[in-house]
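Same chain, two partners: subunit A is paired with subunit B first, then with subunit C.
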Partner chain A sequence: MHRSTLLAESLAVLGKEVASELRRRVALNAIGLFAVTTLVAVAYQIGPYGLAEQDRPFLLSALLWIILFFAATAGLSRVFVKEEDAHTAKALRLAARPLAVLYGKLLFNLLLLLALEAIIVPLYCALMGFAVKSVGGLVLVMVAGGAAFAVTSTFVAAIIARASGSNALFAILALPLLLPLLVAVIAGTRAAAGSPELLAVFPALRAVVSLGGVTMVTAILLFPVVWRD
Partner chain B sequence: MVTVRFRDVAKRFGGQRVLAGVSGELRPGRVLVVAGPNGSGKSTFLNILAGLLRPSRGDVQYLEDDRVLDQEDWYPTLGVAAPDMALYEELTAFENLQLFARLRGVHAHDHAALLEELGLAAAHHHKPLGAFSSGMKQRVKLAQAVLHRPSVLLLDEPSANLDEDGHRRVAGLVTRLRSEAAIAVATNDPREMAWGDASIDLAG
Partner chain C sequence: MTERTWQKSLKWLLGFWLAGVTAAALLWAPAAAGFQGHSFRIVFFHVPQAWVAVLAFCVNLVASLRYLRGRKPLDDVRATTAARLGLLFAVLATITGSIFAKIEWGMFWNWDPRETSIVILLLIYAAYFALRQAVADEERRAALAAAYAIFAFVTMPFLIFVVPRVYASLHPNLVEAARGAVRFKMDPAMRMVLLGALAGFSGLFAWLYTLEVRVARVMAARRAKEEA
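Take a look at the complex of A and B:
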């Protein structure tokens, strides 16, 4: 009886996701289209001079995360539904450990989100004149926020994969989990924009890591049941 | 070697009875044919044997050297090919086998030889499955089911969509594997029924 390691299985699932996405570009197109459209619309309507100076850190932080949040939601929610729709889930269930599937798909969503952030955030800062005083702080918030969003989106996507009307269900289930996260990452981004001190982002960062951590532990405990049943 | 023992396996979907109390054993070196008309529960029964569906009544046990395996330990021993199971259409035949070999922890395997044994010419090995006919996909699906040399092989209509040559090749594969695996074949095809050492008829 052969058995692969959990790491090797997770990387195999990740490799499959990347290869599939590079050929089909379903998530890339959905995320890219939404992100670029909203970014251009916001930049065109508000631009670097459309906000009062005292409102800029908060409003620009909120707008940035609204763009990232909805763009990510458009792409990440399909990571499990596409397996059910294409009838490939059965083969994957038989060949891979549940946690390898979770980790592989989570890593894929994380890569997708980090790539989205790497493109959108510098563009947004340039188009909106968003001056960030602590670039290191912003990077920390982006990475931690991206990871927490990826964990939450992947887990909710797994829960809704076999339900009919899964898109609507994703929004309903994800909202209470993602809303506090959104509030925390906006606070962290605002702190990075307003203060050159790296420590300024730590309170928000703690909240992001805590929320992401709790969701991750819940996912590790519940996903095998959700995936097998 | 793994033996699969099933006792009084029944399944209901809502109010509808699909399986009513099936008992028996799947033993290494033997082929069990599961026969019955459409809708008699053949695929449901194989899904229950694979641990993909929970029976409404009864139980299934996997025994290795008289030790009962936990359900998570069933999967590495299992190979399954079924009509409701698809592979990745955007990946090539070879990439699909590579993926499942990695997931199964099979490090050295000649995917090309296996695909050719099932009648898929080398020219097609590096083409995406999306460009394949149903019969070609079925050959890749069967290759995926056996590449890790499973101890338990569950084949649901294995010759579906295959031509005469394909049917002969699947028969050859079953003959080659029957000495090392416990095999169940769900079918209505009289040629596939002839492979069996024992049979269960779900018609009643």
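Take a look at the complex of A and C:
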């Protein structure tokens, strides 16, 4: 009998997620529209000239991550909630081992976040006049921050899907866990905006990577409990 | 001595100990230099409360791990009890800290990194109970709450050690102090009262915790009897 590997199963779960998302586009629409609407509101109210010069790097970094953070919380929980809504969770439990489900859905959420960042960050820089001195540093912070963000939100999504499945519960559970990460990525973005040196983002990046690594290991250990119970 | 008399005398000892610590903190401990009036005396209650909030979080972690290993309902009761007491002590630590902050730093709230940490700890505890309320099935509730508690616990060191290093804190930095980089000049009498208060509050937590777990045990036994 042909035995599939964990990698093949994870990629199959990812493929299924991408195919079903492209069919309905619920998460994409929720995240994308939320982000663009918030960005327009912020740009309209503050714009490129609304902040004092010395406050700009810090406030603009914080605003950017607040937009990304709330847009992400609007759609990332869908990944597990939709399985419970459509009663397909049981079939998925039979079809793939728990870790393959976690990896597949985590990769999908990561792709969603990276796509969101790829659209929103350049738009934000243009609309808000946010000059970033180290683009490489910003990309590093965005990718590492997105990955760490995806780990926690995917795990919390798995929990709330087994609870009530409400988006409000997702925000309540995810917010306190994501705050330390948010503090670190805002510090990293500010460092990238303020210094052309790539090394400037490393202290914040270290915190982001270690937080992402620790939560990833914990999620791998705990996910079978959440998924099977 | 029977177990019951033993427990009773421990309870009395705890009562006398806490009364003694309170009297010592308010009357005996010498005035500390550099503080407004007697405001420093609240530290003898604030620090132990924050300590118990963290201790309860650790007890919650151990009980949650035990629940996931053995699936015994009593471990879930232990985890919930620890979280409930942790929430209570975290609220008390926040209130006493705010009073101290108002007198010393002029504002009830300064978004100091340690204030931020305690708020996030409060939010985690609140989220833990929100999650529990959202699940009807007892076993699933216990397992999901345990998984969330363990996951939340691993993010806590980042709050306690990383965030205060990124932003300047008004609180003394205990990590630097442990390395010997900063030296606290604490009067031996003050240190004694603070250590006594830490022991007393830990004892208070242990007493409340065992009491609540025993009540839950009796209730569970009664429910089982009624169902039988």
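Heads up, the rule we're going with is that the second predicted complex is superposed on the first by the 226 of 229 C-alpha atoms of A that agree within 3 Å, B and C clash if a C-alpha of one lies under 4 Å from a C-alpha of the other, contacts with A are read in each partner's own complex, and residues count from 1 in each chain.
The criterion applied here is as follows: a contact is a pair of C-beta atoms (placed from the backbone, for glycine too) under 8 Å apart; a residue touches a chain by one contact, two chains touch by 3 or more.
Note that the coordinates shown come from a computational prediction; the quantities given were computed from them, not determined experimentally.
Trainee: Figure out whether A:Ala100 sits in contact with subunit B (first) or subunit C (second), or with both, or with neither.
Mentor: The answer is first: A:Ala100 touches subunit B but not subunit C.
Trainee: One more residue to check, A:Met216. First (subunit B), second (subunit C), both or neither?
Mentor: A:Met216 contacts neither subunit B nor subunit C.
Trainee: Thinking of the overlay built on chain A, is A:Leu113 touched by subunit B (first), by subunit C (second), by both, or by neither?
Mentor: Neither partner.
Trainee: Quick check on the superposed pair: does A:Ser20 touch subunit B, subunit C, both, or neither? Answer first, second, both or neither.
Mentor: first
Trainee: Once the shared chain is lined up, is A:Ile159 touching subunit B (first), subunit C (second), both, or neither of them?
Mentor: Second partner only, subunit C.
Trainee: Contact-wise, after the overlay, does A:Ala148 reach subunit B, subunit C, both or neither (first, second, both, neither)?
Mentor: In the superposition, A:Ala148 touches no partner, neither subunit B nor subunit C.
Trainee: Which of the two partners, first being subunit B and second being subunit C, lies in contact with A:Leu173: first, second, both, or neither?
Mentor: second
Trainee: According to the stated criteria, A:Ala91 is in contact with first (subunit B), second (subunit C), both, or neither; which is it?
Mentor: Only subunit B is touched by A:Ala91; subunit C is not.
Trainee: Identify the overlap between the subunit B-contacting and the subunit C-contacting residues of subunit A.
Mentor: Residues 229 of subunit A touch both subunit B and subunit C.
Trainee: Inside the complex, what are the residues of subunit A that reach subunit B?
Mentor: 1-5, 8-9, 11-13, 15-16, 19-20, 23-24, 86-88, 90-97, 100, 229
Trainee: What does subunit A use to touch subunit C in their complex?
Mentor: Touching subunit C from subunit A are residues 152, 155-156, 159-160, 162-164, 166, 169, 172-173, 175-177, 179-180, 183-184, 187, 204, 207, 210-211, 214-215, 218-219, 222, 225-226, 229.
Trainee: Help me check something: in the complex, which residues belonging to subunit C touch subunit A?
Mentor: Residue list for subunit C touching subunit A: 68, 116, 120, 123-124, 126-127, 130-131, 134-135, 139-140, 143-144, 146-148, 150-152, 154-155, 158-159, 162-163, 166-167.
Trainee: Quick one: which bits of subunit B touch subunit A in the complex? Just the residue numbers, please.
Mentor: Contacts found on subunit B: 50, 52, 54, 72, 75-78, 80, 82, 84-91, 95, 99-100, 102-106, 128, 144, 148, 151.
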